[in-house]
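Heads up, the next two complexes both have chain A, just with different partners, chain B and then chain C.
Presenting the complex of A and B:
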């Protein structure tokens, strides 16, 4: 258990700059997720924390100890790999015990540790098997067991669930979360799956091009994304982005929106003062699919509620909701509608837009307008 | 309950596709037609001749094959022959040393080449090149190198070490070891290639995991990587040992079995008895013993290979 402080870390290979000044302050016991598209540098950052790669400049401090130059073994971390990286020639027991043997732990202590971990992860019946005789989910457990046995200061997870099938992935996700709640060890977890990020993290760091775009709680990142990239990356189906103009209407700033030949004036919420100043300018309206729904009788009266009539292009039933595609300002917009309310493609239905949750981006800088 | 209303089935008109022509049927058979002559040749010239050799080994053949059955007499004469005992002992020395040294050098080279070094492709080719030579060439080159009057011994003496002796080639106690040297030189590059392929198959993250676990580079190799190369060791040992048993051309070119018959190998023995000394029966018997040696190695190998394939399914 330890805090982790990453201080202006840069990493470059020759002329390619992978990390461009990463700063993170991670408290003891936090579950941090690094998320981003492939090639954003998240795995490199992970390797720098682990000591498998040396940071070009900057410092990495674990529990108030500068480990920037330290070897991986001296950092007291444990890592779970995407490919599990089990030692193929050793059985499960030996796999878990290997790190302890190397650290010269007494034999009886090793045995009791292995058994404790095996019970914790329910892999006791597998202890005598070789990795090749295990299923993906079992390998995953063994890989975690190997990390747990060492009782390290920090756990690093490098896309640990991406090789599992969808059902198992959800199960293991819950398992990892339970484990963290029990052990309360600091975890840094890399993934490209934004749902994993949302469900597991205390805080999410969204990365792109070697820089952290936003570092905050899952809800913060979801509701208040700082730029177009973060907004588009988090959430599935992703946020709708609609180019539109800010217009004055009855003395108030409004969003002018054209839906199937009809013009609407959508209200801009009070908190978006900066947008209200931009009368006559184009902005990008970001609104999540779940904020555009069928008309719900009690809710449609709020000051920032608007309704539009849209012709449905395509519907995608997901069971819980039906995703409905319409066109606004000639751009495709995804709406999330209750299956019973959804109409057929080609028909027109009335949608209710909750502008309270709308956010606005500058089309030039792609940053949120504040 | 569902009520089945019987409506008359609509009559479907189905057009028939024309039957395959002779050409089509021939085309289907082509793979079999192409393979069958090869199969026939293999059966006659490999298995047929093996059988013939077996028959000859029980016959009273001398210069030419004859078919008087004499039981196991040829085998008795074979094992009573001092020259055969020398050949078998030599094969044991040569086989063990050749396999072990080749494995050691091949593994070492492969590990060194696997350290992400520069010009790896070039070095790999350099080490692999001896394999492109025929054993006759290797034997001839090493004969010159090891010849005391023209090779290494003379070279070192000319450097000023007048008492230097390296006369294994003409020393009947040591001549078999010169064959080991030449054979190792020729084959260890090949073993290196096998091991290198095996090392490339080791997942990088396994090494990373071991590093984080605190293992040193040497521990990673001795406890994780080399043990995981077991299948490669197995294949390498099989290939090397059957090369060793069949060794003929190298020994013939390098020492000719000499001095005397001190570096005789079973293959040379077989050749000389069958074709130059007019004792075809004894020669055939020695050939059968060699075949049994090769089979003793190959059958367990094939068995395990085929069994693994089944398990992998």
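Presenting the complex of A and C:
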């Protein structure tokens, strides 16, 4: 249980700069998710927090104590690895007890701790088995048990669920969330699964190229992405990006959009002042698939609602919704419609666009226009 | 259909038969010299003198074995037989194998999990040692042994074998350890274990298969070595390979084939034993699958 303060941390290997100034303030008990593509530096950042790698410059402070130079064992951090890293030569009991033995915990206390953790994770029947005799899900539990037994200040999870099959992954995700609600220990959790990120996090840090692009609540990151990268990374299917021009129409700035040979003027919400001033310029309109749907009566009357007629290229039924591909400004656009309303490929249907949720990016800097 | 099916079945069986036939022939080809050695070592000299050179013993005689082990006069040495040489070989081989395997395991551990600046260059340079021919280091090593006062001694020979063998054992262990997940060491570090504890408690218990390989390799190399044994020894520290050579070459009068054969088998027995004992563990280590993370 501790807060974690990462202060301008840089990490370089020779001429390769992996981390380029990471700043994070993590409160006691927060569940932080680091997401980003492979090679963005999230695992390096974890290693720096754990002390497995030394930060080149910058400071890492745990519970108001500067641990930048401290050895991993003195930081009181437990980590769950992607490969679980269970000791193959020890049975489950010994795997969990190893860290406690080293810390010279009395024998009876070790026994009660191992049993408590085993009950918590429902692995008591497995205690005598070797890791090679466990299934993937069981190994994952043991790895968590090993971390839990130590009762550390901070938990680090390095893609702990990525080796599990889809069903088990969802189950374990829920369990981790329950566990966090119960233990209230600070957690830093790396994943590249953005559904995991959305469901688990108190706050998400989106990383790219060794820098944090955005650090905020899941809803903030989803609804108000600061740049094209964050917008494209979070959400599945990802946000549509459509290059288009800001034009004046009836004395107001509009987005000019061509759909199957017909021009439409889409409204720009009042709050997007900066975009409304860019008349004549090209911008990138970012709009999530769920904001382009079939026409829903009573909802299509708002000031920032627009509708277009589009010819369907492909449909992908997912059960709950049907993803429908159309073309706008000659670029493919995913729309999410109710399965009953979806038409067949080749047919034309009317789509309702909620421009209130639209986000605009500068095509040069790729940052959000504000 | 049925005809074709059975044809294919027979062709498979024939293939097997041919394969086994070849294997058996090759095995016999390699085993015949050994069989002749064993058979000759149990014959007595009269039998050899008046019968064929290659023949089964008419009576089992252990005379030649006793002669080779403790009675034959080798060179001008006061102690008789191969026994003192055999003991020298044990005194050289056991410490040299132990030390070179331990040092190799430690080197491999450091080079795999505790990389330092220049560790790759260090490893590459070490690998040169594997390609160095024995002859190339004879003179320099003789100088070194002379300078540190170990020429002609058993510790001198141990040192030479350790230095030469560490290149190989390091290579074995390093290549084995890089296949172990590095996260094991990270996990142990976070659990609070240090350099030595990780080595003893985590890494070494996983090293059985490669340790068996390293021990077999080192034992065979050092036990069978002749060149270092003859170059860096004095009469008091000569290993069994040198003793055997001297025994065969220094006999006066007739060649006592039975004694020579018995001596050769005595000199080869320990390596055979190591293969038989350790080979079993080797296979067990490979099949246990305990290394899979």
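Assume the second predicted complex is superposed on the first by the 370 of 370 C-alpha atoms of A that agree within 3 Å, B and C clash if a C-alpha of one lies under 4 Å from a C-alpha of the other, contacts with A are read in each partner's own complex, and residues count from 1 in each chain.
Here, contacts are C-beta pairs under 8 Å (C-beta built on N, C-alpha and C of every residue); 3 or more make two chains touch, one makes a residue touch a chain.
Since this is a predicted model, take the numbers as computed values, not measurements.
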Overlay on chain A: chain C relative to chain B, clash or fit: clash
Touching partner for A:87 - first (chain B), second (chain C), both, neither: both
First, second, both or neither for A:130, with chain B first and chain C second: second
Chain B versus chain C as contact partner of A:189, first or second or both or neither: neither
First, second, both or neither for A:233, with chain B first and chain C second: neither
First (chain B), second (chain C), both or neither touched by A:157: neither
Which superposed partner A:102 touches (first chain B, second chain C, both, neither): both
Chain B versus chain C as contact partner of A:351, first or second or both or neither: neither
Chain B/chain C common contact set on chain A: 50-52, 71-73, 77-79, 81-83, 85-89, 98-99, 102-103, 146, 150
Complex interface listing, chain A residues touching chain C: 47, 50-52, 71-73, 77-79, 81-89, 98-99, 102-103, 130-132, 146, 150
Sites on chain C touched by chain A in the complex: 181, 183-184, 186-194, 197, 201-202, 205-206, 289-293
Of chain B, residues touching chain A in the complex: 203, 205-206, 208-215, 219, 223-224, 227-228, 230
In the complex with chain B, residue positions of chain A that touch it: 50-52, 71-73, 77-79, 81-83, 85-90, 98-99, 102-103, 146, 150
